[in-house]
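One chain, chain A, links the two complexes that follow: it is found with chain B in the first and with chain C in the second.
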Partner chain A sequence: MPTPRKKIGLVILGGTVLSEESSDKNAVITKNDIKPWLSRMPEINIMADIEPVFILGEKDKEPGLNHWIKMGKIIADKMDEYDGFVVTHHVHSLLQASCALSFMLGNLSKPVVFTGSQIPPNLSKTRTTRKILKKYKGLGIKANLINALQIAIQGPSEVSIMFGNKLVRANQAHVTKSLSLNLFNAPTRAVLATIDFGIKISESARQIKRGAFKFKGLFDDNVSLANFYADQNIEFLKWVLEKKPSGVIIQSHDLDTTAELLKKSLPKNLSTPILIHTDTPFSDNDNSYFQIISNMTFEATLLKLKWVLGQTKNRKQIANLMRENVALELFEEGE
Partner chain B sequence: MKIFFFGPKTDIKNYSNAYDQIIEQLTKAGLKIFSKTESDYVTPISEERMAEIQAAGESVLLHVDGIVIEATAPDPEIGYLLAHAILQKKPTLCLYQKGAQIKKTLSHLGQKIPAFIMVKPYEKSNLEGVIAEYVKLFGIDPEYSDVPNIKFTLRISQKISHYLHWKTHNTKNTKADFLRGMIQDIIDSDEKYKKYIVQKKNK
Partner chain C sequence: MDIKNIILFIVSALNFTLASIIYLKNPKSGINISFGSVILCAGIWSLGIAMFRYTNDVNIALWWARIYYIAAGLIAFFFLFFSIIFPYKSFIITKAKVFAILIPFLLVIIIIFIPDFMIGEITINTPSNEVTLQSTYVIYTMYFLTYMAIGFFFLITKYASSQGIHRIQLQYTLKATAAATFFGATFNLILPMLGNYKLIWLGPDFTLITFAYMSYYLFFHKHNI
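Our next item is the complex of A and B:
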């Protein structure tokens, strides 16, 4: 019996450069470029019926929260229409975009896979870039897109990122330090699949149980960020608080000093929620000045706070939601 | 030549014999086969090399010379492999039996199927010929293949047998290896035969 063809929604927000050759002519700059761009990859039509949705072109400004909410709404509206979604995105803000989407799309029942090209448009071919391109063939989107489409057809129903030969949970992912086809990595249990000859879905991706799908697209973008080192002065934070942000995240590079400084200088039960993001595990979180976050990536913490602030302004509820594993964003013990 | 063989597991009971026959014929043609068993892949690549490929973020498909797919039973992985095959321009053989949908699947390409993708119907009786045709894509003419896959019975005297035993005893070569090597030397030095082959190819 013939199997019905899968229908995949392809949402475009940059990250479309096909190859290093004339990178600006091999990408989606405007909506009109989509047809010729797709025609340069006829092989993807063998896999599924692909329906593109244009949001941003390659040379448009870096996508932001408004674009991501628009993307979330489109995906939510078309959830019943498609079997899965692939999002092509500029690589610089891809991690934030995919985190935002993971909180917006609650109890997903279909895969949403982010991918893109590591080649920027208007690539200047210096000797160094030529060397890199020679060493790492496949930095363009083609192979990533084929893999991402296959994940959208048969992969885990969650927001994930596909680059190189690794599929990772978006809200636990981080950018790899060295140049590699695997641009993103994640803790072991957040690696959802690997690719050798085909796609090998990991056990951790198979075991997730879900409720009904819910779209929650409200965010509060008024969140301030501060970087605190050992010799940090509290005056900067006081100046930030005067601007009345809805929330503050402090990235602490010396948790004990930062905590002590905040406890000494801030009033108890300040109405603005303050989170301290740190990589130090086992941190004491029991105080009324701030909440310490050590079990999430920085990008997940930032986008989760913006999302939580869109759901509630109640400080206790904010703290509770930040502790809750809303979209599988919390690292598991031992990771 | 390293070939990845894929046969869907969806209807494995009906097709496992066909898969075995294809792998057997490919091996006979002198190709090294990567294939998927019930749980994992069987590969002629060392674990160390596989780890390197994984760490570099590459697909193992980049490291094979060709792909063979038994495409009778529908499977989403067929379209995926074909897409990679076309992207990487890998010589690919798509085998199917009566009733398969593969030609319809390939029609979605919307253009002529590239020459390096062979789509062939087959049954047990013509499988060898179809694979021989595929092997030609790698520039190997099966008629002149070096792979010792033809069984040949040869009666020899006690004296020759004694000599062969003496010659190959405590060496890594078998008696058959020794005889094949001798014949190969004769072929290599036979100018008349070489001329004949050139003339035959030019015809």
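Our next item is the complex of A and C:
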């Protein structure tokens, strides 16, 4: 008896440019462009039955939290119908979108793979871009999409990102500093698959069964960000707090100075949860003013706080949830 | 033992090593299994020719000749399979298509084993033994060349439309296999058909090109741009 073909949901939120040639004509601008766009990649229909869902086109504004919640609801509703999902997304906010989805989709039992094109839709062929495109052939979506589909058919049941020759856990990923096919990277244990010959799924791509799938799509978007350098004064933070955000994340480049400043200057009965995000692994989290986050990426911290604030407003529960490894977002010790 | 046989044994050992590495890198992947099988059969082919040249017994020489012709036939079979699925499928693989690829190969095995049908008289010479090939050898030649040509057609077609990481993968694979196939077919398929059996020791040596390219790709290339 022949093996039934897999059914993959393809959710489109931009990031669909196929190649640098007429980049605005090789992408999905409106819903009607999906069919001709897919027909330019016949390999995809050989792999699986693809059901596209259009949310945003290439020239629409950058997606935000509302679009991601809509994406999450669509995926949640179709979870039983499909064997996996691929999401194409504008690359600038792809990391945030995938982090948000990882928290929304609890006990995920099917792969959800994010990917996209590094070519913008209105590519101007200046001398610089021509040099870049000549050197870095293949920044379009085609190869990424084919690999993402292969992962969606038989890959780990997580929210992940596929670019170049790496599949990484979305909520532990970061953007690489220089232009590369591998736009995203992650700690070793968060690299879920690599491609040299075929696709090799890593040992760390654990298939943990935790219970029934749950969709938790509530977020509180009212989170403020502050970037603290060594000589930062507290007035800026006080101004931020006057706006009454539901939560504040401070990105600190000198944890000790920031911590001292906050302890001295903030009222003891402050109700707004404050997180300090730092890359320093040596941090003392033992205080009641703020919570230090050193074991998550900044994007994961931001989206997780927004998600946690959507689940509860109780400070203790917020702190506990931020410490809990909700969606494998916490780095392992030593990473 | 003459130097040509020593070279063939070394080539054989290197191919067995590479086949093991490719297979063990990802034992669940059809791509690794099929390409690993290509390299394994190249090792058996090289070993078979070395043993055929080395032996003084006609019956043993006959068996080794059959082994290396089957091994070479399997190279074409697995290469075609590999080209269909690497780095992604060229078409949906059905049981009917698998049989369509398998049946010519099974026919080739039959003609290899029928006494005097393809492999005729074995001449024991020093330093190199020779086979007198019958006219039905053209069937074997057509099988091999057709399968390899179709395989390269699939790979080149995919390369022409590929981007990014797929383009890099296909580039290395084509470089690794094209030269080895051309020289292997020339010295071990075409020249024997034209009556020259003296240079069959050369064909397997060109699989070192495959070994070199694939080793570089697997161990030193950063798989990035």
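Convention: the second predicted complex is superposed on the first by the 330 of 335 C-alpha atoms of A that agree within 3 Å, B and C clash if a C-alpha of one lies under 4 Å from a C-alpha of the other, contacts with A are read in each partner's own complex, and residues count from 1 in each chain.
Assume contacts are C-beta pairs under 8 Å (C-beta built on N, C-alpha and C of every residue); 3 or more make two chains touch, one makes a residue touch a chain.
Only a predicted model underlies this, so the values are computations on that prediction, with no experimental measurement involved.
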Task = Determine, for the superposed arrangement built on chain A, whether chain B and chain C clash or fit.
result = clash
Ask   = Which partner does A:K6 contact after superposing on A: first (chain B), second (chain C), both, neither?
value = first
Request  = For A:S19, decide between first (touching chain B), second (touching chain C), both and neither.
outcome  = second
Task = Give one of first, second, both or neither to describe whether A:A48 is in contact with chain B, with chain C, with both, or with none.
result = first
Inquiry  = I'd like to know which partner A:G57 touches here: chain B for first, chain C for second, both or neither.
reply    = neither
Task = Please indicate which partner A:L181 is in contact with in the superposed arrangement: first for chain B, second for chain C, both, or neither.
result = both
Ask   = Which of the two partners, first being chain B and second being chain C, lies in contact with A:I153: first, second, both, or neither?
value = first
Inquiry  = For A:G217 in the superposed arrangement: first (chain B), second (chain C), both or neither?
reply    = neither
Inquiry  = Taking the superposition on A as described, I'd like to know which of chain B and chain C A:P273 touches: first, second, both or neither.
reply    = neither
Inquiry  = So chain A touches chain B in one structure and chain C in the other; where do those two contact lists coincide?
reply    = 2, 43, 46-47, 138, 142-143, 146-147, 150, 164-165, 180-182, 194-199
Task = Quick one: which bits of chain A touch chain B in the complex? Just the residue numbers, please.
result = 2-3, 5-6, 41-48, 138, 142-143, 146-147, 149-150, 153-154, 163-166, 180-182, 194-199
Note = The answer for chain C against chain A in the complex is residues 22, 25-26, 29-32, 35, 86-92, 94-95, 162-167, 169, 217-218, 223-225
Message = Which stretch or stretches of chain B touch chain A in the complex?
response = 4, 6, 34, 36, 41, 50, 53-62, 74, 76-77, 79-84, 86-87, 101, 104-106, 108-111
Remark   = In their shared complex, chain C is touched by residues of chain A numbered 2, 19, 43, 46-47, 135-140, 142-144, 146-147, 150, 164-165, 180-182, 194-200
